[in-house]
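Chain lettering (A, B and C) follows the sequence in which the chains are written, and residue indices restart at 1 in each chain.
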Amino acid sequence: MSTQPAVINRAKGLRGWLLQDVPQSITQARVQRFYLAWLVFRRNPIAMTGFLIIATLVAMAIFAPWVTSSNGLEPHLRDRLQPASAAHWFGTDGLGRDIYDRIVWGSRITLYIVGLVGVIVVPVGLLVGTLAGYVGGAVDNVLMRITDIFLAFPRLILALALVAALGPGLENAVLAIALTTWSPYARIARAEALTIRNSEFIMAAKVQGASTGGILFRHVMPLCISSVIVRLTLDMAGIILTAAGLGFLGLGAQPPTPEWGAMISAGRQYLLDQWWIPTVPGIAIFVVSLGFNLLGDGLRDVLDPKSSE
Amino acid sequence: MIMEDKPLLSVENLHVSFDTPKGVVDAVRGVSFQLGREKLGIVGESGSGKSQTGRAILGLLAARGHARATRVEFDGIDLLRADERTMRTIRGDRISMIMQDPKYSLNPVMTVGKQIEEAYLVHTQASKVQARERTLEMLEAVRIRNPRHVYHAYPHEVSGGMGQRIMIAMMMIPQPDIIIADEPTSALDVTVQLQVLAILDDMVTQNGMGLIFISHDLNLVASFCDRVLIMYDGQVMEVRDADDLQNAEHPYTRGLLSCLPQVGDSRDLAVLKRDPAWSAYQGAEVD
Amino acid sequence: MAESASARQLAAGPSASSAPLSILRAVAGVLSTLLLTFIGLTAITFVIGRVMPADPVLAIVGDRASQAVYDQVYQQMGLDRPIYEQYWRYLGQLVQGDLGTSIMTAQPVMDDILRFFPATLELATIATLLGIFLGIPMGVLAAVNHGRWPDHFVRIFGLLGYSVPVFWLGMVGLLIFYANLGWVAGPGRLDVFYNDIVTPVTGVILVDAAMDGEWDIFWNAMSHLILPASILGTFALAYIARMTRSFMLDQLNQEYVLTARVKGMSESRVIWRHAFRNVQVQLITIIGLTYASLLEGSVLTETVFSWPGIGQYITRSLFNADMNAVLGGTIVVGVCFVGINMFSDLLYKLVDPRAR
């Protein structure tokens, strides 16, 4: 192996600070790690495409009031069933509502669903997993049994049953999805906790008198977060598809909310003659799901290079 | 060992490089040597290019690896310029390779017997029954008791030493002219090492084969081989007869020798000081 | 020559005595997990059915039922008893196959389910077979050509198949192949005037029609089946191809593949006899997972294609507030889902020599 010449860092200013060989502070070290990961990420065209798609989604959601001409909720029966035109980029639906506007507003709902599921699933998974992995023994056994049981459940059907009991609605759909999705994260967190459990800094914390809870919250969990988040990104596409499926069945957001799955369902009757009404929301779902899959793949490549290239 | 007039294998100016995201890495730079019916050791540390030399001879570099040389000649054939078909007749049948860890180098879902038989059947027109007979003979030749039971075993059911002997049986069954052994004993316990080496020695000597023994262990190679080739950073530093090592001239070799602990020696272990001059390319380009 | 313990064990004879024991152990392990999961599943449906609704009886009989019916069901459910007794009763009923009565059809839910299940099975089976016979070769092709265009093609195709909302794809498929091109038949399992001609032996129309010799009906059923099965199969295909590629890439990097090449074997033998042999065991689990998820995912496809399977049954019951039917269907699908996964796990343990 030929010895490689040391990369001489001649960049100045911010870039120089980011690329400096030996970081001068913890903050700098953290930022540098982030930046280097970003550089690797940036080189991967697949990941970047995914990132751009998701960034567009987020931008759409944030700037919805400014990029739409209406709130997509009020019927304009005179304009119903119009094909794509300059006035209505994606045409209008059965109630005369601008489809483009509804798609843009629907992006907020998509993000809301994804965010809500994440907010439920990540803490629950982390808590259960790190507790099981760190404490071990009977606690581990019981918790993992429970996790396995949830892991074995069919996601969609169980969501159906839950919604049947609780009634249709966006939050209920989210709850149903979260209930059937949290298990893998607990497993991942547990695996990480198991490897960290015997580290020296944990022993040091114990010697200093830290309680189990303290150790869990301040040391173990923060280290497990990144793998859980990567997995969440990989799962997001599936979550979106499940949510759209529930919406399609009429079990998610209720009309007139412009949830994309529900839009497809409502537009189904117009499939033959005004095909754009159910088709365009489906394309939106497709693109976003694709974006998350690309992003997740890219993230995984960055963090675990041997898994692909 | 009587050296025949014509060497079995002649390597002239071999270069091996790899395309990595960071650029081209030259793993082997201008290595030349000849192999007769003898035991030649190639010694070097990690990254010296010794394993890649072996792989290049067989044309089995990893993806993104490229080999080029003035000439790599075996039995009148230029190995680097031969087509894949020719190489496949040579691999196993005329030149073979033993790898380091039988845990990984044996197929986990095939029985030991089947794997050895396969090595035989690829190059001969024998029947299954004959192949089985030969396999059992080979298992006995590598001193495995109960060859019939081992025949039906899976690789994870046998110990490391036995696994390596199975490896040897598998690679010797087609009776090749040259065996390349890539760190064959590095994954074994010391006591088992000697047993495996003894078997290897016997088979090589009895069949008049050429052996290339690749290792990082200078002591081991010095005691086992006839000649020693020292590699560093992709190049050959020195070639010496094994029993002449103490007269080595190259500072790297001398450094290696002085690093070896001697029993009864109470001085501090020396630390090898690397001279960047050793990395400077000393060879010629390939035409 | 001194030998290790494993050699002595080998010398004692092949492990004939421990093979049935380890099989037994594997089966026992799987059964116990199955039991636990079943309990978990029923606990959840119990909670959903009894604990969550404001009035569980109303949820089952509907708000148009008479007081007599209400009282009868109230007694049946034992709602005045403590919860764990109710659950025990519930379990007892389940095990006997009593899933309650459906408001919609006034039939026992179990009977309804048995009527609708074969249609779903038909769909899921054909889709999975499609996934297997197209997906596996695609995955192997991609792995062997890592970095070149077949690999990119398979990766992209897999990614697309993975990301597409299946129900939407079904709709678009209907639009293009049925409405516009007329290549396949439309929604439903059969054209209307073919209904009820074939004697339902297995419930699978293809089989029944073939047995009756009604080939017109057979081909009609086929033309109805092909689009939904292909749509559903796309997902299976994408998943199986992706996993096969990943597994093969892993194996092709292993040392024993190098050994096989050193022995002088042809590339196709190295790929199929060595690398793929190590992959096929893992594929068992993948195929099981795929089949199970197609079974439950068919809910959406069935809705789009008006396919009278169990998914449609559950959704229709849901909109009719027919709790018994919904929960009954959930349990059946759930048990199948869990069962298939456990079975493939078991199969894996039995087939992989390393796991013994």
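Everything below uses one rule, namely that contacts are C-beta pairs under 8 Å (C-beta built on N, C-alpha and C of every residue); 3 or more make two chains touch, one makes a residue touch a chain.
These figures come from a predicted structure and were not determined experimentally.
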* Asked: Centre-to-centre on C-alpha atoms, which chain is most distant from chain A?
  -> B
* Structure fact -> Larger contact count among A-C and B-C belongs to A-C
* Interchain centroid distance [CA atoms averaged], chain B/chain C, Å -> 50
* Cα centroid separation between chain A and chain C, in whole Å? -> 26
* Quick one: in the complex, what on chain A touches chain C? -> 145-146, 148-150, 152-158, 160-166, 237, 241, 244-245, 248-251, 261, 264, 268, 271-272, 275, 278-279, 282, 285-286, 289-290, 292-294, 297, 307
* **Touching residues (chain side chain C, partner chain B) in the complex** => 1-4, 6-7, 10-11, 13-14, 146-147, 254-256, 258-266, 274, 277-278, 281, 352-354
* Asked: If you look only at chain C, which of its residues touch chain A in the complex?
  -> 33, 36-37, 40-41, 44-45, 48-49, 52-53, 59, 159-160, 162-169, 171-172, 174-175, 179, 246, 292-293, 295-297, 299-300, 303-304, 314-315, 318-319, 321, 323, 326-327, 329-330, 333-334, 337-338, 341-342
* Going by the contact rule at the top, pick out the chain B residues touching chain C in the complex. => 58, 60, 63, 88-93, 96-97, 99, 101, 104-110, 118-119, 122-123, 143, 145-146, 149-150, 152-154, 156-159, 161-162, 167, 170-171, 174, 191, 195
